[in-house]
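Each chain carries a letter (A, B, C, D, E, F, G, H, I and J) given by its place in the written order, and its residues are counted from 1.
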Amino acid sequence: MKDNYEVPVMMTKEDVTMMILSAKKQAGMTWEGIAEKIDMSPVWTHSACMGMNAFPKDKAEALVSVMGLPQEAASVLEEPPTKVWEQSVPTDPCIYRLYEIVGVYGPTIKALIEEKFGTGIMSAIDFDMSVTRVPHEKGDRVKLEMSGKYLAYNSW
Amino acid sequence: MKDNYEVPVMMTKEDVTMMILSAKKQAGMTWEGIAEKIDMSPVWTHSACMGMNAFPKDKAEALVSVMGLPQEAASVLEEPPTKVWEQSVPTDPCIYRLYEIVGVYGPTIKALIEEKFGTGIMSAIDFDMSVTRVPHEKGDRVKLEMSGKYLAYNSW
Amino acid sequence: MKDNYEVPVMMTKEDVTMMILSAKKQAGMTWEGIAEKIDMSPVWTHSACMGMNAFPKDKAEALVSVMGLPQEAASVLEEPPTKVWEQSVPTDPCIYRLYEIVGVYGPTIKALIEEKFGTGIMSAIDFDMSVTRVPHEKGDRVKLEMSGKYLAYNSW
Amino acid sequence: MKDNYEVPVMMTKEDVTMMILSAKKQAGMTWEGIAEKIDMSPVWTHSACMGMNAFPKDKAEALVSVMGLPQEAASVLEEPPTKVWEQSVPTDPCIYRLYEIVGVYGPTIKALIEEKFGTGIMSAIDFDMSVTRVPHEKGDRVKLEMSGKYLAYNSW
Amino acid sequence: MKDNYEVPVMMTKEDVTMMILSAKKQAGMTWEGIAEKIDMSPVWTHSACMGMNAFPKDKAEALVSVMGLPQEAASVLEEPPTKVWEQSVPTDPCIYRLYEIVGVYGPTIKALIEEKFGTGIMSAIDFDMSVTRVPHEKGDRVKLEMSGKYLAYNSW
Amino acid sequence: MKDNYEVPVMMTKEDVTMMILSAKKQAGMTWEGIAEKIDMSPVWTHSACMGMNAFPKDKAEALVSVMGLPQEAASVLEEPPTKVWEQSVPTDPCIYRLYEIVGVYGPTIKALIEEKFGTGIMSAIDFDMSVTRVPHEKGDRVKLEMSGKYLAYNSW
Amino acid sequence: MKDNYEVPVMMTKEDVTMMILSAKKQAGMTWEGIAEKIDMSPVWTHSACMGMNAFPKDKAEALVSVMGLPQEAASVLEEPPTKVWEQSVPTDPCIYRLYEIVGVYGPTIKALIEEKFGTGIMSAIDFDMSVTRVPHEKGDRVKLEMSGKYLAYNSW
Amino acid sequence: MKDNYEVPVMMTKEDVTMMILSAKKQAGMTWEGIAEKIDMSPVWTHSACMGMNAFPKDKAEALVSVMGLPQEAASVLEEPPTKVWEQSVPTDPCIYRLYEIVGVYGPTIKALIEEKFGTGIMSAIDFDMSVTRVPHEKGDRVKLEMSGKYLAYNSW
Amino acid sequence: MKDNYEVPVMMTKEDVTMMILSAKKQAGMTWEGIAEKIDMSPVWTHSACMGMNAFPKDKAEALVSVMGLPQEAASVLEEPPTKVWEQSVPTDPCIYRLYEIVGVYGPTIKALIEEKFGTGIMSAIDFDMSVTRVPHEKGDRVKLEMSGKYLAYNSW
Amino acid sequence: MKDNYEVPVMMTKEDVTMMILSAKKQAGMTWEGIAEKIDMSPVWTHSACMGMNAFPKDKAEALVSVMGLPQEAASVLEEPPTKVWEQSVPTDPCIYRLYEIVGVYGPTIKALIEEKFGTGIMSAIDFDMSVTRVPHEKGDRVKLEMSGKYLAYNSW
């Protein structure tokens, strides 16, 4: 509130993310566990809890129930996100390595998509992904599987 | 050659890439076909032909033979590459979508790696990848599978 | 050609663009005229002639015939383009105004798409556009019409 | 207020935007609905409510009345905005696609304006725009229609 | 010309600029003198000779005649320019001072335009400018006079 | 104030700007009106009120009196400013157009200064400017007049 | 806490860093001293206290005990860090010199690693480092010793 | 040579680097081997051959003799270099990892230098470095040893 | 203080700078006057008061006494600074002119240092500077005198 | 020369710089020596030979005579330069240290100029500089002396 008028305070996606993180820590839950409870994948669940994806109505209500969030949070979870990242080149090593893979192998992925499909792209919207731990004798491996719909460039 | 002295001209990785592209076009080959002939994966083969990876000696010789390159090209293919990309944010839509996936899902991949493995990263060096076309009734999909060794941060 | 080996020279999209521009100037043609002759829209035709889109086989052959290009140019016109622009903020006033419209109205377009469709985007791939001159008593107007397929974000 | 003097607090466009968003959510209104009530287009209405355009006096008063804002808000809505966007390359996918369209088709739009009008630009000031949902059997489409006055470069 | 095909060479605006600069030096002309001969202002004349503005047909022919350029140059002078500058912050002190004036006084010019006209801008397209030397006892002064049409933001 | 020690709070130029804007709005004054009352130009007055120029002692006292500011504000108005702008390329259209003029006509202004004066620059320090509304039948025009001392480069 | 709902406040790595710095100052400890008490190296200890590395469980408890931190801090110390630095080119002279060494000697280190090991890199994850003071008659020297596992690029 | 005057061509450091690389490849030498022959360290030798350091006179002559360079190259090797790197954030993974180490551990190195020496820096000028291969059962390691003179900030 | 734990608040260099500026204003002191009282130069004194240099113990105590600062401030003044500037190109005209001098004359200073000393640099650490007013009939002049130890590049 | 028309080649400042460097090397001259022969300072002479300052007519002729340049070079030396530097943050250590001094001491120089003169700047145009070697027992020092006219900000 300011001096002579009141600016309303609306619950934000950042607020709800903080509520989720706090509840998760107190309950000792994992992202896999949360995802399983709302019957969605761990990648999508984490991303949506971070405010980078919108929850369908039933999933928002499920999450509110599972995590004991205030009821008002459900409508916030359903809001479309504005996807913002501030570092055009990420510094965290775990994320930078992904950026590096795009830098090194991006033209290769492009060439092979063109060879297999024709001129077009892999959608980042009609898209899903998983992260798996694969045991390996020389050290376990991270497996990332991404699947996106092929979209052909239109000619008109 | 300059006025009063001679600067030697060495065959570069860019030169060899041009030779490969030209031979590939004339022979009507595909990257999958080339990869099969040297018994390597298409992703690695394309990447190394673009000068972004170094060929082991036997693979360099196999490629020289398959593509009809001059013998001198083999040693150039074996040289370690300097991996450079000029656009910190790529503009080509096919590559940008990959960059966007890193921006949107990077923190999620990081969180799930940490949940499954502990504090560390997926290596981009001890790494492999494939690109596959997956038939789908609502439109075929691009499948990217990446596998990298988990590297735990050292504490000392 | 270098000293002791030969680097093959392949016809590039830039080369073909120069050929088209030269032929267009000599023949006194317009982009609308060229587009009509190959039975495509002027926006797509110009864009593809500039190397920013790939020609379907029949359209490549039509263009080669209409403009009197060397036969080899057809296969180059069919190649998938790598779409690169060098100025992240364009300086030319005509293009900058479009950039400014995205800066000012981007969040508005996003909000209205979300209101009308749900969480998702307008595709820039399954996309078409036209530019028209609209007579107006206070000065004629430029009309831009863009149409892109709505793509809903996937939840999984 | 600071220690020994008082810094006056003035209602800002950001404050009024928060009031509008809060009232809109509580009343369950849409941007189309609000626009209709003040007899303006949805694109302009949203943009002006976000603080990116100034309201004419009568429209400011209409909005204050429709949304139940404090009377003081009207004068704030009439103030000229300072149009600022912080990401020179937007990251949100819905807005980025528009940026990409400018990157890919900007030179084409420029060439066709020049062909149809002569040397000049489409104004982004004497400008209007609409967003429409167009039903389509292969998936509904977003239609953007922009209209700006042609401005010829002056020679003097 | 490349190996087995010919890429046509078209006269560019840069080529014509070089021709003008060379002819100007040999003839010992000034920009004021050239401008007077083609009956245009020095600012516009220099700018158009540098390739930053397009010549109307009669002025292009006049310049070709005045400077003794090849006839082909006239059509190049008439082409719409693509206005590019490479330094987003100019380093040359003479140009930087202008940039600094925009940084320091930009918000002031904006506020006074809004006070005198309403919400809108000064056009940089329907625009003219002059540079004059004004004698002054404490040292002569540079006078820049700019005039641009006021453009009101549209509400729709 | 922090826990166990006190950090003094000094009135800043930003504070005084807020006081001026608030008083101006309540009194319904214009920048021209304020400028006239302290017998300075509107451009300088606005700029100095925004904290981009320092007031001479008598003008600071005049402003404090005219606007009813606390006495302490006078010394703050006299302090030398640190001139900072955060956007190296301004986004607001009204200011961007000025930036664009520098980009397009900067080299021309430089060339004409050199032709009229010799090698040197127009000072942005020993500098003044005005903004005027000029009636015009095809739409009124904004006139900017800038005058800066010519400074010759030193040779030593 | 906001108006009608509560956003939980979680202890952050920044909070714990402040607690450590405060306790360190009050106790007059050094980083070497702290490191010795928890039986880790000074480089790693400082880095982890700054929030740039995660503590193993036993080391977190040791630090909490040594520094008299609240018990809750231990779990925060164990959390994986998000490693962010905001200056892509550091300005502090002590850190800039390291950046400069990478700029000047980076290609040399790369060439010698390739000569001694083959194509690959030094890991920055399986990595350790020390800082030592080396007495020298012409002025003592700083000795930095870094050791990282060699990682060979995979070919597949 | 241009039309009517001659621009002299001077041997550059880049030219000499090419001569060295060519001679090194033909003779099958290593950087260690070259360094040994001129009795300098491999790090310094490679760096100076790349044009990033200047050779003392006797070392320049030794290198000319060892590598069979033209006599004129000696004076070029002695010239002070202008140390330029074009990527403020390097993309090659081997060099990026070093950059990452500076980002993550830079503040730690600074804190420990200050603890051990006082306020100051490690010189990057009065500096030396070595790269060693250290056998290790879990995979050999790269050891980097850097030594720079401590320089205390002056107070005056 | 947060909800259920307390984050200690430590006096920072910024806090002390505010204390100094406040005391200086109240006492009507100048930087020269303060410098004289602690028997240091004005340049160093101002810089250290701004937090860009560390005070030796005796000078910190002298300043605390001269300015009437709380005793705790002395230890803060002695802390090593982290030297950060946020604008890589400064906008304030007074500072920009210095930046411009480095841009224009940097390569010249380098060339003359190399001619007079050999390959090396002027230290910015073992460094001092003064600012003087020099009377001059055509307008007084600012004299900057900088002195830094010559550091020769090491060869090893 | 292009196919069917000729683009004139004009001698550039870069060409003349190459001529000077070549003549200087062949004659074994120093910058001090050259400066003395044309009776100007070494700093100005080097800067003007690099194309960063314009020669007065008599000095241009003197240099042409001293260095044995072609007569045409004199008029090129007299042309006003366009002062461009490409690295906004210079990488060469010798020049970076100067940049660092501006970053660290820029605000201090500004504060002291304001204290000694009032609100204004040191001119970088009416400016001169020298570089001297000062013997010192702990190592010789570089002395930079800069002198620029004080310019007061105008109030109008």
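In this section, a contact is a pair of C-beta atoms (placed from the backbone, for glycine too) under 8 Å apart; a residue touches a chain by one contact, two chains touch by 3 or more.
Note that the coordinates shown come from a computational prediction; the quantities given were computed from them, not determined experimentally.
**Q** Any idea what the CA-fit rotation angle from chain E to chain H is, to the nearest 5 degrees?
**A** The C-alpha superposition of chain E onto chain H needs 145 degrees.
**Q** Would you kindly tell me how far, in whole Å, the mean C-alpha position of chain G lies from that of chain B?
**A** Inter-chain centre distance comes to 32 Å.
**Q** Please report how many Å separate the Cα centroid of chain A from that of chain D, as a whole number.
**A** For chain A versus chain D, the centre distance works out to 29 Å.
**Q** Can you compute the centre-to-centre distance for chain E and chain I, using the mean CA position of each chain? Integer Å is fine.
**A** 44
**Q** Can you list every residue of chain C that touches 2 or more other chains, as numbers and ranges?
**A** Touching at least two other chains: 8, 43, 82-83, 85, 88-89, 91-93, 100, 103-104, 107, 110, 114, 120-121, 123-125, 127.
**Q** Give every touching pair of chains, nothing left out.
**A** Those chain pairs satisfying the definition are A-B, A-C, A-D, A-G, A-H, B-C, B-D, B-G, B-H, C-D, C-E, C-F, D-E, D-F, E-F, E-I, E-J, F-I, F-J, G-H, G-I, G-J, H-I, H-J, I-J.
**Q** Could you please specify the touching residues of chain J with respect to chain I in the complex?
**A** So the residues of chain J touching chain I come out as 30-32, 42-43, 46-47, 50, 52, 83, 85, 88-90, 92-95, 97-117, 120-124, 127, 129, 131-134, 136, 138-150.
**Q** Would you tell me which residues of chain H are touching chain J in their complex?
**A** Residues in contact with chain J: 2-5, 7-8, 10, 75, 82-85, 88, 124-125.
**Q** Residues of chain G touching chain I in their complex?
**A** 8-9, 11, 15, 18-19, 21-23, 25, 70, 72, 87, 89, 91-93
**Q** Enumerate the contact residues on chain B facing chain D in the complex.
**A** 89, 91, 93, 96, 100, 103-104
**Q** Which residues of chain H touch chain I once you look at their complex with the stated criterion?
**A** It is residues 40-41, 43-44, 48, 53-56, 59, 80-82, 107, 110, 114, 118-121, 123, 125-128, 151-156 of chain H that touch chain I.
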